[in-house]
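Should a chain be cited, it is by its letter among A, B, C and D, assigned in written order, with residues numbered from 1 in that chain.
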Amino acid sequence: MSYITGVIERIRNLTKSIKEYEIFLEDCVKPEPGQFVMLWIPRIGEIPLSFADAEDNIIRFIVARVGRVTGYMHERLMAGDKVFIRGPLGRGFRWAPSGRALLVAGGYGLAPLHFLAKKLRAAGCGVKALLGFKSDDDVFYREEFERLGEVEISVEHGSSGYRGTVLDLFRNVIQGEIYDMVYVCGKEELNLAVMRECLIAGLPVEASFERRIRCGAGICGSCSIEPLGLRVCKDGPIFDGRMIMPMLGAERIEG
Amino acid sequence: MSPDLEVELARLRLRNPAILASGILGSSYGLMRRVEEAGAGAITTKTITREPREGYLNPVFVDLEFGYLNAMGLPNPGITAFKMELRRAAENIRIPVIVSIGGRDESEFIEVAEQALDAGCNAIELNLSCPHVGGYGLEIGSDIRLACNIIRSIKSISSRPVFAKISVYQARPDIVSRYIGSGADGVTAINTIRAAAISVESMTPILSNIFGGLSGPCIRPIAVAAVYEIRRELPDVPIIGVGGVDGWRAALELILAGANAVGVGSAIARKDLEIFREIIEGLRGFLASRGFKSIKELVGYAQRL
Amino acid sequence: MSPDLEVELARLRLRNPAILASGILGSSYGLMRRVEEAGAGAITTKTITREPREGYLNPVFVDLEFGYLNAMGLPNPGITAFKMELRRAAENIRIPVIVSIGGRDESEFIEVAEQALDAGCNAIELNLSCPHVGGYGLEIGSDIRLACNIIRSIKSISSRPVFAKISVYQARPDIVSRYIGSGADGVTAINTIRAAAISVESMTPILSNIFGGLSGPCIRPIAVAAVYEIRRELPDVPIIGVGGVDGWRAALELILAGANAVGVGSAIARKDLEIFREIIEGLRGFLASRGFKSIKELVGYAQRL
Amino acid sequence: MSYITGVIERIRNLTKSIKEYEIFLEDCVKPEPGQFVMLWIPRIGEIPLSFADAEDNIIRFIVARVGRVTGYMHERLMAGDKVFIRGPLGRGFRWAPSGRALLVAGGYGLAPLHFLAKKLRAAGCGVKALLGFKSDDDVFYREEFERLGEVEISVEHGSSGYRGTVLDLFRNVIQGEIYDMVYVCGKEELNLAVMRECLIAGLPVEASFERRIRCGAGICGSCSIEPLGLRVCKDGPIFDGRMIMPMLGAERIEG
C-alpha cells in the first residue's frame, strides 16, 4: 500500500489553536521544503499538511484547528497513536539556494517556511523571517526561527513586535533592505499581495498555495487554480510569482 | 511523410486517438486548456450532474502499485456552474469536448444534456457505469431498458454524437447492440471496476466510501477483452477503449483490439500530461517502423487471421 | 502461547486458512502431497469434468507484471482417471481435499460429484465461474436457477460441504443468498476475470484462445470488495476469499474483509510453494504483535465501526 | 509483456529432421545450461526449447521436427522472421563444475549438453561427450563437441563410431574410465537407465526431463513427474539422480 505508517512521538501546544506533532515514520522520506503529505487518520479523514521539518525518520507538522479532521487531531490524537501518510507530494520551493532570503509567513504558513529556513541556513544563505500573528497569544515558533536567522514578528492586536499586518511589515522591510528572493506562505490575499509587490520590484518570489486536495496525484482536478489550470497538488503547492502573474491581473481569484 | 494519427470517431475528427478520460482533470476550463496544449486528441469532461455534488470525504484515492482505486463520489459544480467553463471551452478549445453526463433518472440526463449542448459541447458521453455512487452510473446502466430510453431521449434533442460509457459488467456485444439500436453513436469501454482496499496496518477500509473503482494497468486486460469482443461482433461501432492506457504500447494494444480511440485516465498520476506526447510519438514511431500510413489501418488489426 | 491459525469452514477444520486454489497444482496426487508438505490448510483440486479434456493449445499463460492471464481450457484427466489420484489422496493426505467440479449440465456435475465423493473427498467446489471455456463455468453460473438446481441435486446425494465458486459478475449478496438457500455451505469468491492480452510486437492476441482469465494482485481489490459486500449482508456464510493472495498481507486483507479462509493461486508462479509458510508465519506474527489469540477474531474485522 | 523479441539470424540444417536456429534477442538473457525457454510463434504455438548456446544477445536452439510447431518451424520459418521467448525458465544443472564430466546425449538432447560442455570447459573441467544417433545420416554437432573436449559417437545402424546404442557405449566407457559426474539428456528410458547405473556406481548424475509444458511457471501442474510431484518446468528440467530415485524403483513411469 502507498501509506507509510507513523507513530506520534510528541504533541506540543503552540497556541490555543495550533499544535505541533512530532511523528516517527517506519520508512524514511526525503521531502523538499514546500512539499506536503496527505495525512490519513483511519475512519476520520485525510488532509494535506506541509512538512514543518523532516530529518531521517522524524517529521513535524504544525496543525491549526480548523474543522473535522484537525479538530479530531487536536482533541483525540495522543502520543503513541498511529497515523498514515502518503507523500511527499507536489513540488517544493524550486530555486537553488543562494544569497539573502526573506520569508513572509502568516499563521500555519510558518510550517513550510520553517523547513525552508533550515535548508537555506544549512546551504549558507542569509535568512530573515517575518512572522505575522493576530494577537500576542497567537505567537509561536519565534525561537525556532531565531535559531535559523533574523526574525521580526508582527501582531495585529497586541504588544509584541511590529503592530500591524505582516504585509505592512513586509512593505517596510523590503524598502530598506536588499534580498535576492522572497518566499511567502499564508492566506491567499497575503500571498498575492506579496507576489505583486515583488514582481513590481523585480524580485524573485515563490508562494505556497492551498486548494481542496482530494486525489493528491494531479488527476481529479479538485485543486486547480483557475483560470490557470494549475494544480496545487502536482504543479504546486509552491508557485513562482511569474506563473501566477496572469491571475494577479484578474479582479477575482477563482478556484 | 510522417504517419497519420488522425481518426474519425462517430463524425468527430480527432487529431490523434488519445482522449482525456472522464473524471480526469476535465473539471474546469483551465485544466481542459492545458490538456489540449499537452496534445490530447479530444477531452471528456468530469461527469456533470444537475445539482452540484460535494463528493465523498477523503480518502478518495489510493495508489496501488499496479493501479488505482478511487471513490470521488462524482464531485462536480453542477451543470449550471459548469456551463460557464463549457462556454469558454467552446470558444477557445479546438479539439472536441465530450461532456460526460450523470443522472439518477432520465429527466436529469436530459436536462444536463440540454444545457451541455446549449453551451456548445461537441459530443456527449453517458455515464452508465460509475460503480460506487448510489443512484448514478452503474445503477442506471444495469437497467438496460432505462439506459436505452435515456439514449433515445437524448438523440431526440440533438444529432451530436452520443457515447454510452459502459462497465465491464455490460461490455457485451448484445447489450452494446441494443444501445446502438437506441441511437447511440458509439461506446466507451470501460469504466472502473468495483473494488476496495483494506489497510492491514489500520485494519480498516481505506476509502471513506469503502467501495471504489479500480483503474490503471491492472484493468487493461479486462478492457482489451471487452473491446475485442465488441469489435468482433460489431465491426462498425465506434469504440473509445479505456482502461490502463499508460503509454503508447497500451494505447496500441486497445487499438489493435478494436478501439478507434483510447481514453487516458489515471496514468496521468504517474506520467502527468506528458503522457499525451509519449503516446503520440510512440504511435507515430511504431507506424513508421512497420510501414503503416495511418493509425486507422490498425484498428482491430489483431482480429485478422 | 503462539496464536492460533486454525479455522472452521463449513464444518471443515483447517490447520490454517491458506487453501490451495483450484487449477493450481491440484491435478495429481504427487503435487497435492507437496502442497500439504508446504503447509497449506486445505487443497482444492483442478476442476474435474466427466471426460478427459486436452485443454487449449499453447500459449495458455501470460505473466503480466501485475498479474497473470490464463486460458488453460480446463485440461484434466476426467473423473475416472482422477479417482485414482483422489483415492491416494484420501489415504495419505491429512488436510481437507476439496474437489472442484466442472460440467456442462446438471447431470455432468452430479456424475462427477458422485465419483469424487465415492473416492473420499472432503468437500466439493462447484466451478460456476471459469470465464473462458465455452459451455462450462461462467456459462453455467450466469444462469442462477440452473446453478441453484445443481447445488440442490448435489446436496441431495451427500452432506459433505459444497462451495459455490463464483465470478465477480455473480459476487452479489442476493445471488449468494440464493445459493445458500439452495443448500450451498459456502462460497468461494472470486474466479479469474475475463480478459485478453495483445502483443504489440506481433500485433496478435497472445493466448491461443484469445480470451482468458485475469488473476494475481491486480484482481485483489475486486475480490476484497466482493468478499466485504457478501460478508456485510450475510454475516454467517463461510467464504473462501480468492484473488491476488501473494503473501500474508494480502491474505489478511481478504480475511479482514470477511473471508474465513483464502485461496492461494497464481502467486505460486513467483513465490513457489514457500508462499504457504510465508503466509502462515506472517499471520502468526501479526496476531502476536497485535495481541490477538486467534485468526478467527479477524474475520470481517474491517467491517467494525 | 513478458516475451522477449528475437529475430532469426541464421538457420542451419543439421540433419534431415533437425535444424539449428541462431536468434538475435532484443534483450540479453543469462541462462544456465539446462534451462529452457518457451518459444512463441504467433498464431502457431508455443513450445519449450533448451538453450544449445547463449552468448550476450545471441542464442541457439536445436530443433527436431516432431509435430505442429516444430513442423512449422522447419518448413516456414526463415532468417529475418521474428519469434518470441519467455525465459530462461526452470533450473539448470546445479553442481559447481569441477573435475571430469561425462556427458551422455541422445538426439536433440545434445542441445543442453552442448551449452553445458561449453561452460564446463570454460571452468576448466575435463569433458567427454557420448553422442548417440540412429544412423550415419543423423549425426550432427560432432565438431562442436570436439572443440570442447573428447567425443565418442554411437550409431545404431551405420558405420561411424561405436555400433549400438549410446547406453551401451556409456556402459563400456564407464567401466574403464573415471569421472566425477555424469550428465545425461535423451529419451526418458536413456535418462533412467544411465541414472540407475550411476546411482549403483555411486556416481553423481543429473538428467534433463521432459513433460508437456503449459504454463512454464510451476502452477498448472501439467508437467509433473508422478508420483513424485516434481514439476519439470520449475523443479527441473534438470534433476539430480537422487531426487528421481524413488521412481527408479517403480515399474512404470507415469506422468
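We take it that contacts are C-beta pairs under 8 Å (C-beta built on N, C-alpha and C of every residue); 3 or more make two chains touch, one makes a residue touch a chain.
Predicted, not measured: the structure shown is a model, and the values here were computed from it.
Looking at the partners of chain A and chain D together, they share no chain. The minimum number of touch steps linking chain A to chain C comes to 2.
One finds 37 Å separating the Cα centroids of chain C and chain D. One simple way to say how far apart two chains are is to compare their mean CA positions; for chain B and chain D this gives 51 Å. Per-chain CA centroids place chain B at a distance of 34 Å from chain C. Those residues of chain B in touch with two or more other chains are numbered 64, 197, 200, 204. Chain A has residues 43 in contact with two or more other chains.
If you draw each protein chain as a dot and join the dots that touch, you get a simple line with two loose ends. Pairs of chains in mutual contact: A-B, B-C, C-D.
Residues 64-67, 69, 168-169, 193-198, 200, 203-205, 210-211, 214, 217-219, 221-222, 224-225, 228-229, 249, 252-253, 256-257, 286, 298, 301-302 of chain C touch chain B in their complex. Per the touch definition, chain D reaches chain C in the complex via residues 1-3, 5, 38, 40, 42-43, 45-47, 82, 84, 86, 213-222, 224-231, 234. Touching chain D in their complex are the following residues of chain C: 23-34, 46, 55, 57-64, 68, 70, 72, 75, 88, 197, 199-202, 204, 206, 208, 265-266, 268-269, 272.
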